[in-house]
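There are structures below to look over.
There are two complexes below, and they share chain A, which is joined by chain B in the first and by chain C in the second.
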Partner chain A sequence: MPKITIDGTEIEVEKGTTVIQAAEQLGIEIPRYCYHPGLSIVGVCRICLVEIERMPKLQVACYTPVTDGMVVHTNNEKVLQARRAVLEFLLINHPLDCPVCDQAGECWLQNFYMQHGLYDSKMFEDKVKKQKALDIGPNVMLDSERCILCSRCVRFCDEITETFELGIFNRGDHAELLPYPGQELDNKYSGNTIDICPVGALTDKDFRFRTRVWYLTETPSVCPGCSTGCNISVHHNDKRPYKAGGIRISRLKPRYNPEVNQWWMCDEGRYGFTYVDDDSRIVAPQKKTRGRWQELSWNDAIDEIANKMKDTIDKHGAEAFGVILSPQMTNEDLFAAKRFFKETLELENIDFEVAAREKGYEDDFLMKADKNPNTEGAKKLGVSAMDNSGLEVAQMLAEAKDKRLKALYICHHDLEKGFNKEEVKAALSKVDLVIFQGTNQNLTSNLANYCLPSATFVEIDGTFTNFAGRVQRIHKAVEPLGESKPDWIIFRNLSKRLGKSMPYFEPEDVFNALVEEVDAFKGLSYEKIGEHGILLDGHEESAEKEMGALVA
Partner chain B sequence: MNIHDKYKPLTFWEKLYLPAIIAGIWLTSKHFFRNLTLHILRALRIRRSAMGAVTIQYPEFLRPLFPRLRTMHRLTKREDGTPRCVACMMCETVCPANCIYIIADEKLEDPQIEKMPKSFDIDLGLCIFCGYCVEACPEDAIRMDTGILEISNLTRNGMVLDMETMLNLEPRQDRYVKYTKEGDIVSQEYLKQSKSE
Partner chain C sequence: MSEKIISKFFDIEDSHTIDVYEKHGGYEAIRKVLKKWTPEEIIKEVSNANLRGLGGAGFPAGRKWSFIPKNSPKPKYLVINADESEPGTFKDRYVIDNYTHGLFEGIMIASYAIGANMAFIYIRGEYVRQAERLVEQIEAAYKKGYLGKQIFGSEFDLDLIVHRGAGAYICGEETALLESLEGKKGWPRMKPPFPAIEGVFRSPTIVNNVETLAYVPTIIKNGADSFANLGSERNGGLRLYSISGHVKNPGVYELPMGTPLREIIYKHAGGLQNGNGIKAVVPGGSSSPILTPDEIDVKMDFDSLAAIDSMLGSAGIIVMDESTCMVRALYVVTRFYHHESCGQCTPCREGTGWAEKVLKRILDGNGRPEDIDNLVEIADNIIGNTICPLGDAAALPIQSYVKKFREEFEYHVREGKCDVKGH
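Then we have the complex of A and B:
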């Protein structure tokens, strides 16, 4: 293990570590553009120059491995002067269209200029003009004038997705980042190139011109797009809520988690949040009378629904009641639902799985065919038909068609995704009482008698269990839209109305009760889950698989 | 010149009290009788050129404006008539009253500029006329030199200026008094013009 001195502090690091990584371990930040811990090292931007004693010239910190007894200075006059010079060089041809550029506010050229630059420009020549606003893919817009040729995006496409769409063409000050002729940047992970671009060369078509980054607040969360459960930051607009026509969530960005998604996320998850502020959101409890929807207050809705549920069970027995829960719900929601349906109402027909008719896209990197974030959690909690010795979803629909099922409680599902449209219509129209609880209107909600609005993943606290058995927390970013409520609160209120109260006030209360009752979650708490999640017992092996898929 | 006067010790003449009182009454009466005479002459249409009072007869006569005065906002245009504004939202960010509302849009016809405001509203009911928006603008797109200070409306919504209105406002330099570097008023034409009306 070589010992190295950086700015007077000695540190022992592993062999093969580079100077920039060793400095990072000490908490010394060396500016960088081309260096990214997830990509190969090229050393092209030259801003991470440091002085190493007994070396005649300044060295790049990202590409220099440490050797025993190395003495590094990252902050002396010589280094600072070199940084200033490199910045001046990088900005020779960089257009200063910061007012237009969507990277303004998180641009590394801006930041480093303020920290290390502040020189007087010596340039009088006109800047080299290149192509602006170039549409290079379904999600990405390129401005090659702004590119500083750090080649991060090129390396991302070569090493991570291995799709080889981008290249740097021409030489000297005519060098330009472009997609290869006839190709466009349309791989399943193209959005990551925008994240890793340190300047505003690659911008997000979905985010461009919508809002400025300094209006956004970040909340850590987990992507609900598939069962991988990538760690994300939700960027939401709190400071200027009147902006962007009522769209509160501006974008999702991946959050570093070495065990799950590292630095990346897929485009499907990144752009899959639009339903949160969509017009189709259900914003108040609704009741269908003579074919028309009528809004209700929560009190009336809970009263009416609880009474009708009780009547049905009294008249036809528990076997005439079907419950379809959803793996879109958090562990807390599912646990409250289980308590309510299984213990308060003593129902048997509880299931959650609706197999999709079209198999989702899957690869060996991040995306999984199962597009639900909490299938594993639902299995662990025992809300499937197998655990309850009741009917499966398909059987429930068949029973409904034969008029043997009198009531259905459907959570979040759009049954059309799993079954034929006609089949769903035929089944649901024969059930006397259909209650739909979910976020957005769909075919199933239109066929229901009652609609209860539930909050989306950005509006609640809770936990998801991913495919590998990792429990991860999601956090509330914005207030629930309209009168929507978290699912577990709806179940709690219904349960209280039917005589059995659940003493839960915070999602943490539900989780603590869950931990006590479900063996798989034994010993967990919100503190223990932390920001990177925690693996459930008996899942070490699959965790290695999870990591293996990433390394491969 | 003025505020320090009261800290000065009184002169002998002032200490006598009565002469100063008489001097004050003399000054007041002088104005009173002068105005009385002039107003009567004006009412009898004998002499109309001289003003009757030292106050300005607003709104018939407008007060000259000083160049540093910030009046209603306007948006400047490029040569082709499109707004100079690129919707960078600097003014909105810096605005302490949060009265600027911009929604950005893509400028499709000119990729060199790329961006323009889709809507640009200022709620003058909230604006405190601090002029920070003018200072913050990197494009010189917003200015407060219209010379319009009669801003009133019957509804709150009527106080909201939209982009169309602000783009069509012209700078009214003629309403402003011009100064030399030393601070002397150069153009008295406006004052004379007002008086002779």
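Then we have the complex of A and C:
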């Protein structure tokens, strides 16, 4: 393995490592615009120029492989001068419209100017004019004047999505990033171009002019949009909520996980969070009396529902009760549900799977047809009909229609997605007691007698298990909306009312209990799951599959 | 009169045809080579002849050929750079027009030496007549069995294809040329890999200039020493000097490597028009650092010009007399490089346009004292920091014009006008 000395410190690195990567291993950040570890290397921005001893010219750190005995300077006067010069060149034709630019605060022109520039402007000439506020696709706006032609977005569309929408047209300082004639930047992953744009050239239609980035707080999480479980950061606006018209979640950004999603996420997941602050959110326990919804306190709701559930079971037996859990729920929520329904109430008709009528979009990259983040977790926890030798969801609906089922407890599902609307109506209208527990109103909730408000994935802590058996953590970014609560707390409270308390105070308590009981999770803890998740035993091969899909 | 190799054909009628070329000893070298020589022997002979790359970089041609990997399973290609675009340079056009089959013979020998069965002539888009001539003469060569399968009855196959550029100076840079040849935008590539390892279509490729290849048949025919001895030390043979500007007889002159610049201007090009004195001379295409009258005794070869911080480059000499405004001259040169910058990497893309604007402002009488140093700083910040040499090509004139004619720039800034008569 070659040894290299960077700014006086020696390090041994893998063969093929570039200077910029070796420096990173030493904690030295060489500035970069065009270099992105997930894309091919083009060496065009020239900001990463470094001095390598015995080479007459400065070299770009992104492209130069380490050789044994190489001595690199990233910080001497010659390098700093070149870096300042490149910044100055990049900025002479830049509009410097930071006050109205959405990138301000996370702009690498601003950041590197503060770190490496700080010169006085010598530019007195008219700037080159280019096209502004171009609507180039369903999610992306382009300001060509702000573009520094690093070509990251072009390479993303060429190399990652292979959709080839973007090009750089014209020559010299009139060179301009644009979609090819007649094309739009419209692919399943287009939002990533915004993430990797180091400046304000590509901005997000969904985020433009909504909030300044310095008001945002970031919370690590996992996308609940499908079973891949892409790692994300939830960006939420806690500091000036009144400026956002009640919208607390400003955007989702992919978070690097080498095993799952690398640097990327799909648009479906990226823009799929709007239900969190939507008007359809259920914000308090509700009860339907004579066809009208009426709010009630949690205390009353728990009392009434617990009593009615008990009555039903007493009167008609456990076989007259159906429970439909959801793979949208965390492992913790599912485990608490299982404790409650199976142990406290001794029910058998417990299932979670509702096959979607319309198959979800799937590709060989990140998007999976299963649009649930925790199907694998639900399977592992044993909450399917098979595990409980009870009725499947379809059978429950059939039994309901025949009036043999007297109570149904439905978590999160909109049954309409799996069954014909009329079918669902016909079944649910025959059941005496329908309890819906979920985040948003839907057809199913409208057909229920009681609605209990669940917190959404950005409002809770917990874990999901992705398709490959990787357990990953989600973190609470904002408080549950209104009166909504995490599912596990609702089940804990119901259980307590029925005389069986569950000693859980934090999601971690639920997880630890789960670990004790479910073999697949043996030995795990929140600490061990860490930043990038952990594969359950027996899933090593699946992990390779995950990577295979990305590398292929 | 000194010896001529290529230019003796300039005055022969129909010298571009096979018959005339063969009547004057053409296609003897390739026949000899195909019968008796190994590729290694050719490379050695060309190396010993001290043939340098005459496109401008001056890299020893034989050594370049030796870089082709011996055991690569990929096809090898020869690419002929006929994208002659450097202002002040027009020698390759003469070669194509008058020594067409001499060029082809050089291509055949080089292809055989590097193991290429396909060669491409990438020709400047504006050279319409020359492209037509090439196509027509290639057809004639195919008809005679000089190109195609088993050329000259040997076991060696060679196809020769003409590819026209679309009018970008940058495509004369060899890696941009290869990109363009592949049908892509003419953006220079990062090196390594060098073309000899990974060139056109990711295969080993040698890129040679027209003039370089045109001298190859003579080297084979007359021997390396006889060619080397025509030139100066380490700069073998003759060279086609293009001379333009304020001289009486502009044109292409074939003279030994190392001929003094003064001799080329006064003896061969007839001196200056109207008996004017010299103010400045560009020795090797517009990108080469400019020379003052006291420097024109320099020998015109790669090493002698490098020794005085200039370069022989394409040997495109531009003579400027005392009536020339150096600020305007630099503006014209800088405008050209700005126009031709490919825009791929930052310093050249942004720096060339900035420099042009500053120069324009000075010319318009709105210069500021700090502009002059700023121009030099812009140039300093471009040099050496770009992917390809276009950045240097734009910056070197700025540095040298300002250094050598600083008072003229200062006068422009101070007085808002030119102190040269007639401007």
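Operating definition for what follows: the second predicted complex is superposed on the first by the 552 of 552 C-alpha atoms of A that agree within 3 Å, B and C clash if a C-alpha of one lies under 4 Å from a C-alpha of the other, contacts with A are read in each partner's own complex, and residues count from 1 in each chain.
Operating definition for what follows: a residue touches a chain if its C-beta (ideal position, glycine included) is under 8 Å from a C-beta of that chain, and two chains touch if they have at least 3 such contacts.
The structure presented is a predicted model; accordingly, all values stated were derived computationally and were not measured.
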item	value
Three-chain arrangement built on chain A, chain B and chain C clash or fit	fit
Chain B versus chain C as contact partner of A:Arg240, first or second or both or neither	first
Following superposition on chain A: angle at chain A, chain B versus chain C, Cα, nearest 10°	90
Which of chain B and chain C A:Pro99 touches, first, second, both or neither	first
Contacts of A:Ala133 with chain B and chain C, given as first, second, both or neither	first
Partner touching more residues of chain A, whether chain B or chain C	C
Partner chain in contact with A:Arg212 - chain B first, chain C second, else both or neither	first
First, second, both or neither for A:Leu481, with chain B first and chain C second	neither
Partner chain(s) touched by A:Met70 [first = chain B, second = chain C, both, neither]	neither
First (chain B), second (chain C), both or neither touched by A:Leu347	neither
Smallest separation of CA atoms, chain C relative to chain B, angstrom	22
Residues of chain A defined as touching chain B within the complex	97-100, 104, 132-133, 208-210, 212, 214-215, 240, 242-245
List of chain A residues in touch with chain C within their complex	41-47, 49, 56-58, 60, 63, 81-82, 85-86, 88-90, 92-93, 122-126, 128, 148-149, 168, 170-175
Chain B residues touching chain A - in the complex, by the definition given at the top	86-90, 92-93, 101, 103-106, 111-115, 138-139
Chain C to chain A touching residues, read off their complex	168, 170, 185, 190, 338-347, 349-354, 357-358, 361, 368, 370, 374, 377, 381, 384-387
